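You will see subunit A twice below: alongside subunit B first, and alongside subunit C after that.
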Partner chain A sequence: MARITLDNLRHSYMANPKGPADYALKQLDVTWEDGGAYALLGPSGCGKTTLLNIISGLLRPSEGRVLFDGDDVTDEPPVARNIAQVFQFPVVYDTMTVYDNLAFPLRNRGIPERDVKARVEVIAAMTDLTEMLPKRAAGLTADGKQKISLGRGLVREDVNVIMFDEPLTVIDPHLKWQLRSKLKELHTRIQRTMIYVTHDQTEALTFADRVVVMHDGYVVQIGTPVELFERPHHTFVGHFIGSPGMNVLACQVENGKAFFDGHPVTVDNPPAGSLQGKQTEIGIRPQFVRFGDDGIPVEIAKVSDAGRYRIVDARHGQSRINLLVAEDADIPASGARVSFDAAQTRLYADGWLVE
Partner chain B sequence: MDTKIENQKGWLFVLPVLILVAFNAIIPLMTVVNYSVQETFGDNLFFFEGLKWFQQVLASERFHHALGRQLLFTFIILAIEIPLGVAIALAMPRKGGWVSVCLVLMALPLLIPWNVVGAMWNIFALPEIGLLGKTLNEMGIDYNYTREPFAAWITLIAMDVWHWTSLVVLLAYAGLSSIPDAYYQAAKIDGASSWAVFRYIQLPKMRHVLTIAVLLRFMDSFNIYTEPSVLTGGGPGNATTLLSIDLVKVALGQFDLGPAAAMSIIYFLIILLLSWIFYTVMTGKRGEP
Partner chain C sequence: MTLELRNVSLRVGGETHIYPTTVTLVEGEFNILLGTTLAGKTTLMQLMAGLRYPTSGEIWFNGGNVTQVSVQKRNVSMVYQQFINYPNLSVFENIASPLRVARIARREIRNRVERMAELLQLTPMLGRRPSELSGGQQQRTALARALVKDADLILLDEPLVNLDYKLREELRDELPRLFEGRRCTVVYSTTEPGEALLLGGHTAAMHEGRITQFGPTAQIYRAPADLITAKVFSDPPINAVPVTKSNGAFRVEEGVSWPANGKAAALEDGPYVVGIRPHLISPVGDGREQVRIDGQVLITELSGSESVVHFEHGGHVWISQSHGIHALKVGETASFHFDADQCLYFDASGRRIGS
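Showing the complex of A and B:
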């Protein structure tokens, strides 16, 4: 039960980091509210696991502090932080039975055997392991072993935070759905802070109330799934979330107005100051691009059917513009022009939303 | 119609290995078997004696004593080298520049020729001039391995521990290095004590390499000849006459080919039997629920 604050955090795996490139985590200030269901989303290698290990105390950050309810725990070991963590690949104690595996974190903390039994049975039922309890853990399949890992992460009730590091990677697809909804259900029931690391946006958006998007060592945005979709703070978020991702088009800005290859484009966030020397881009989601009589001329490269709608891959010179159109909508054969919904068109400078 | 082509040329491909195995294993072993059932008085004249030598060796007190000393020696060095080797492997660094330093230091004793090890310890432990022997005597401890059976045993065991513990260390270290970090991390999160980490993570993960370590150390120590032969030559008296030393005395000292051959075969069968028992016991646990 704690509010977790990461204060001015930086981490490098090198002994003497020089520039920002040497840092795996670059300048983080994040607060995780108590009881939240968070997803930590980002491509492989963006620093998600590093961040997790810093919260759990397996890693000490090079710079900055980790606070639990305002108390500095930066130098505390994992045991003192009272957290649970489930790893990407199954970790089981081979020589123990499934029961002993689940009981292990409880017994290490000197909990009476009667309470251990009750707790283990609850968790076993939840993770579908009840029949396996007397078996030796070494004999289980990868699925089964990961369920043990998951169970060990959930078995303690009083933890400050439960962290999952891409826990369903090795699990069968049908079981994935089942376990993910169980986790969600569990969160609603016990109201513990949970941080779920994944590089899969579907997984993140279905599990979390709030999604923390990481990119190249930075947290680029924290928000609800809707916020991430509607108002990406960074072109990376726009591109990473949504399928297909946001169209990002290089543009020129003159006197507070944006031009895409000479065509004026009205944006929702016209710049207040000068953007001189910055790389400017327009971001527009494919949902908000329409065919029309006037606008930007495009050639249609490809149309793919995605079930209830179609994805049109259109080109203007070298720039690629995706559109989503209804299944029965007409697609102009030639001389097509597209226009953008001004309320959903945003201007980005050096990747970041202009504010 | 049967279209299968009979082609005996395949035998040519296995011929080289058959010849190799025949010359380095089967023929020498059969020669020994041949000697073990015959008596000779020279002039290359042999007389069939049946199982007489086997009965004689098995009934001889001298063989019983040598076997007893051998079992005791092997038991002691296993009891010291295996736990000590594991302990050293656990204490060795896992990362950084010191890893290679430690590994090289550990490998050094293994690189020294066996008779050199014997000679080194022979001189090292000499009571009048050896560094160890003289130091002990100056400290007031009466130590003379050429005279005292107990001192001879201590020296022999110290030498073997010095020479071979490294092998156990290297094997155990290899086993430890193969454990993914996630196991240690999970154990930290689960609040496991360092004993629990050893008992439930490190030891189970080392089991296969330790099985190999025990088997190798058992077989090698049961066969040991060179070092004790150089160090004590089996003395004082017969105090350190292990099986192999006794065998050489019988075969080459007394030139009793028949009894020596019978003894070799019994020796071989004992090693085979004990190795099989070790192997079965150490790998058998896997089948348990």
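Showing the complex of A and C:
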């Protein structure tokens, strides 16, 4: 077990990087506390996989250091780092039994067979594989095989961190629930550091105690799921988390007050100083926009039925404002106006939350 | 451009892949095939396309029997979940390829490709090779090729499944607009109930080689004909709990009971299954719910804006999905509430009462 620190990390795949655009990872200072359940969340191409490979030792960063419990492991190979990894697709030895698959990492390390047996049985019970132990892995379904991969990731007691790289991609939605719950439960039981890499916000938010959001080679926010939802530090976080994401509307700021196309909007974080020369925007989640008698006039472009709620695509000129309304709520046929819950309306300057 | 399946079935080597299926698809709308992996969605699409021939039954298209007509002679486009493009051709030539095959005039090809590229935001990429594109751009290229040739039947087999979450949201929003005003039949398969709802149109719920129900999407969701359809159309899974009706009340074995009101009052005594969607069970009552159940919390998943709680009551695992963060502790006993009038009731054979 270890605390993992990424210190002043930068990485470029080019031999002679010049500007920031040449870096896949631009500047990272992140500490992963021992025993935490983390998610690394971002769209494809944001640098997640690069970061994962740097932690596991498959890639040496161009600049900066990787520390495990304060020890510099930047130049250590993967095998010296004691890391377990679970990949997108199940990696299973088809000809072996489930038991032998789970025992593999332990036998590899020369652990006595009696200890192997005890440990495999514990892990099999945790992952609901006990009855499958004597069976050949080849006969299992995709989720069964992925459970073996998870089990193998958990079986060693001496690992510093377990990393999951999009582990539920191949799993059907109705089984995802079960496996995700299982993972969460396993984390609670074994209290080992876990890093779950995904582009899926639901998976990240439900699994992790803390989510590290990446965008374009930067970490834009590290926070609890509630913080990411309620107080996105960057418009990207607001947009990326939540479905549909936060509405981001260009606004003018005059004398510390925000205006959207001439309409005054009360924000929760009025600026203390001048924002002159900066691009200013209002961020408001669709959950906190309401229809009312006053407010900003909108045309309704589309209403989508999502079952337990409806998504209303409303337009004010060129700006799109999404609202979530209850399944049984009324949607005005004409002359609609919308207003924002002031406590949940935030001001952003050049993309960053004004503080 | 109506596509009609009349008693179409497919047997392969003594095994039934598609049971006799009769359905008339709706032109100009999305026809969604919703079901888990192996429900038969892809097979049914292959039969519709003419890529496979049915063992029995007939396929009629636009008033003509096309059962034995090969795929080349039907005007069909298909998009698969894996992005399929010609790797050695530019994006422009990829999109143009079906028009070249159809010997369309050069200028007309240019016009149509450019219009399609505009619609799918591929204009800056027209000169590039597929390998130089992101996954989303590659899939948009495949979509553009399928749409450019004005096919009568367009089959989209889980086309968004390999894309990033946010991109999926964006394309899901765009897709229905692409087909607006076109005289074609669109079939779209998905494993995700939420996706089916947001796309709208008509939905065929599929389970183990059968269409269990076909109709307007929102109607199938709100008034499923049977328990299987309700299960296919619920994520997280619908709570389906056996109950017994006697003395004017429903009772969960060794658990709560509630009065059988409304239509349910007239039902004969005996065993039923109650179906309650997770979002109708709340850890905080708002006073409208009549039924309170106390259960032991098994799992909590907090996603930043909502809470999903799995709990045990009367020997069954129940799932509650609610707005806001309800940080219940695993192992504690908590109260949950639901409104019996919003429940679905199914008889012993699985038919919904009142359907």
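The definition used in the following text is that the second predicted complex is superposed on the first by the 308 of 355 C-alpha atoms of A that agree within 3 Å, B and C clash if a C-alpha of one lies under 4 Å from a C-alpha of the other, contacts with A are read in each partner's own complex, and residues count from 1 in each chain.
In this section, a residue touches a chain if its C-beta (ideal position, glycine included) is under 8 Å from a C-beta of that chain, and two chains touch if they have at least 3 such contacts.
As the structure is a prediction and not an experimental result, all values here were calculated from the model.
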### Message
Going by the contact rule set out at the top, does A:R152 touch subunit B (first), subunit C (second), both, or neither?
### Response
first
### Message
Just to be sure I read the superposition right, which of the two partners does A:S304 touch: subunit B = first, subunit C = second, or both, or neither?
### Response
second
### Message
Quick one: is A:Q279 in contact with subunit B, with subunit C, with both, or with neither? Answer first, second, both or neither.
### Response
neither
### Message
With both complexes overlaid on chain A, does A:I241 touch subunit B (first), subunit C (second), both or neither?
### Response
second
### Task
Check the residue A:H174 against both partner chains and state whether it touches subunit B (first), subunit C (second), both, or neither.
second
### Which of subunit B and subunit C A:L205 touches, first, second, both or neither
second
### Task
Could you look at A:M96 and tell me whether it touches subunit B, subunit C, both or neither (first, second, both, neither)?
first
### Message
By residue count, which of the two partners contacts subunit A more extensively, subunit B or subunit C?
### Response
C
#### Entry: Residues of subunit B defined as touching subunit A within the complex
180, 182-183, 185-186, 188-193, 196, 200-201, 204-205, 288-289
### Query
Where on subunit C is subunit A touching in the complex?
36-37, 134-135, 164-167, 169, 173, 191-194, 197-198, 200, 217-218, 221, 235-237, 277, 279, 299, 301-305, 308, 310, 321, 325, 330
### Task
Going by the contact rule at the top, pick out the subunit A residues touching subunit C in the complex.
43-45, 142, 172-174, 177, 180-181, 184-185, 188, 199-202, 205-206, 224-226, 228-230, 239-245, 287, 304-308, 311, 313
### Query
Mind pulling up the subunit A residues that touch subunit B in the complex?
53, 56-58, 77-79, 83-85, 87-89, 91, 93-96, 104-105, 108-109, 134-136, 149, 152
